[in-house]
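In this document, chain identifiers A, B and C correspond to the written order of the chains, with residue numbering beginning at 1 in each.
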């Protein structure tokens, strides 16, 4: 493969990883910014999406899992919301961190019990199973589909947030919860809707990631930290921040791994520390 | 001892402190008057460093302090009480005062000496508690005490930190006449070399005690003079006393 | 604010004596459990000092423990330095590292503090993981234990080693109690309650936080050096953020801000884990549920709840008498 070809492939890999992080962190950041809720179990919901899709697609094929897994994860999310999260909305961050940390323990063992402690795989759909040629390089078609899907969802979320009534309500809630409530916005209902949407997106991320990475009980742990970093770097509750943060982290990880593997992870954490200390509100603060 | 020169502060387009000049001599009791929103508490916040000024200078005993942090200014002898109680609610009255005494005596970084059993610390705690009339409430948790007692403790915290310049933000807000009397006696009993800046709404209480009066309006100093001059001034009457009479 | 109450003293003595008795009667496996419990208790104790008394929730204590363990391992196994000297240097290193992390992170609060400590902890993890000299993913073997032959103690045997762990746990508790009742310790409690007010009283809050974190790093360092000597092997898993999380879990289960609670939590966790794991592999499930229930029940934890009930009963009795 030519040198340029190598870099094109890496760029595509970077875009794909970034969009995956985006799908994960966008739900996390809005829940964070809107509800002031720290949900460490978000990574576990992503893994749940992957596991559900593995089981469902065995019967209904990939697209069955693609459609049902986000729904299943959202339903589990609703259960968590009613059982735990609603009670913790006004608790301090430490209790939120602890309970959702406990949920990671619970989910991880439930995955072990339900699906065993082995790496599972998911075949990409036949429609996208082969290789395609883009920009003069051969690249797995499925990964191109992941990129396209990520871009479509990003555009759709941007439209919803900036152009619709619901989007305005969400932005108002992030900016100033009390004010939004005074304006007659049912803040709790908006929260609930946003939370479900965030869970569904985490589930969707799990489905699309399953054919690329292997499905393991700990797969949520490996994406939780990058997703949290994206959220903090970008600024809690900021869509633009989630986009920029995802691409920063995704590209640093992808290109770091080939250019300077020793430094890649270090740079990500150093970036996080620098943002926290120099710009604690993130690069694109959502709150005025 | 306190010199404020051309101090300015804006919040967006709103000027909350405009070219304020203030010169207070050692031992002086200076009253800051002004209607609500005149920028009195903002001035306090600027003086102690809880707000950063946009321009101007603050000098304490000849030393420029306006670029120092809150804690550094406190160590130079600036102490304030708050208009809204700002205490350690889960701790006892004695523990609150002990924290202030510990800081004043430089024991905050001593990792060995038990300040609760330290005789000299406890002596200071009891002395201040007696000054503000809380000697019988030492071992009550702050959240269990009455509102008025918390106002007393608020002043006690500032006193316990051994200040050179004591700044009190409406110490009598929301308390009854008996307690106002107590505060008057307390202020009269304080050492005469202690400089005091006081923001107060209770005119009778304040005019009695003050050596000089500064009146703020819309963030500007509009009057400075003695209490009797203030009573005579048409301007002061109009913007402050007038409102009271009406 | 910390008070070494009679209840705390009695519980502490019972716990330490119980551990000691188990060293004598529990056989080799029992001694292993005691050692494991003591090391986890020391780590939890160090977390409680900053989290329970200073309000600083740390996600880097695993890394502090691991840094000390690796420093000790590198000095004894790679450089061939005497274990006693290495012991001291390793603890000084983790103290300095923790002070630096605390100083820089002190600018942040709440969830941002948690994230900042997570970032620094992960940086230490990555640095050690990526150093080929330190064995990378495989870890490093050949760590030496202290040589106490001079005083007639064979430190290679598990019983003396277990007793040493108990003694160091007692020492750690003593140091923490001494620190918490000092002017510094009480100021630290004030930082947790209302740091702005302390600043207005003239306290350098960031320096209080940094030093408290450093002290906590010292205790975590002791735990780390003992952990390295125990298995005579170190691996990057010691530094994972999940270990920091588990230490925090132990503190919560035992009782945050009680100082005795972390010991109760660590001992309970190690022994219950041992019991559960002979029945099922899924002990994380039980820990997770226990953690969630503890937080929902008010978050006092085992010892914290006990202390709360006893103190309330005593207060009620005093009121009845009056």
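Throughout what follows, contacts are C-beta pairs under 8 Å (C-beta built on N, C-alpha and C of every residue); 3 or more make two chains touch, one makes a residue touch a chain.
Here the structure is a predicted model, which is why all the values come from computation and not from measurement.
Colleague: Touch graph of the chains shown: is it line, ring, star, complete or other?
Modeller: line
Colleague: Using each chain's Cα centroid, which is most distant from the centroid of chain B?
Modeller: Greatest centre separation from chain B goes to chain A.
Colleague: If I average the C-alpha coordinates per chain and also across every protein chain shown, which chain's average lies closest to the global one?
Modeller: Chain nearest the centroid of all protein C-alpha atoms: C.
Colleague: Determine the centre-to-centre distance between chain A and chain B, using the mean Cα coordinates as centres, and give it in whole Å.
Modeller: 51
Colleague: What whole-number Å value describes the gap between the mean CA coordinates of chain B and chain C?
Modeller: 43
Colleague: Could you tell me the distance, in whole angstrom, between the mean C-alpha positions of chain A and chain C?
Modeller: Result: the chain centres lie 33 Å from each other.
Colleague: Can you list every residue of chain B that touches 2 or more other chains, as numbers and ranges?
Modeller: none
Colleague: Among the residues of chain C, pick out those that touch two or more other chains and give their numbers.
Modeller: Answer for chain C, listing residues that touch two or more other chains: there are none.
Colleague: What part of chain A is in contact with chain C in the complex they form?
Modeller: Touch list, chain A to chain C: 38, 84, 87, 92-95, 97-99, 101-106, 108-110, 112-113, 221, 225, 228-229, 232, 261-262, 265-266, 269-270, 272-273, 276-277, 280.
Colleague: For chain B, which residues count as touching chain C in their complex?
Modeller: Those in contact with chain C are residues 48, 50, 69-71, 74-75, 79-80, 86-91, 95, 98-100, 102-104, 107-116, 118, 121, 157, 161.
Colleague: Going by the contact rule at the top, pick out the chain C residues touching chain B in the complex.
Modeller: Within the complex, chain C contacts chain B at residues 1, 178-179, 181-187, 189-190, 193-194, 196-205, 207-208, 211, 215.
Colleague: Which positions of chain C touch chain A when the two form their complex?
Modeller: Within the complex, chain C contacts chain A at residues 51, 57, 104-105, 107-108, 110-112, 114-116, 118-120, 122-123, 126-127, 130, 241-242, 245, 248-249, 252, 281-282, 284-285, 287-292, 295-296, 299.
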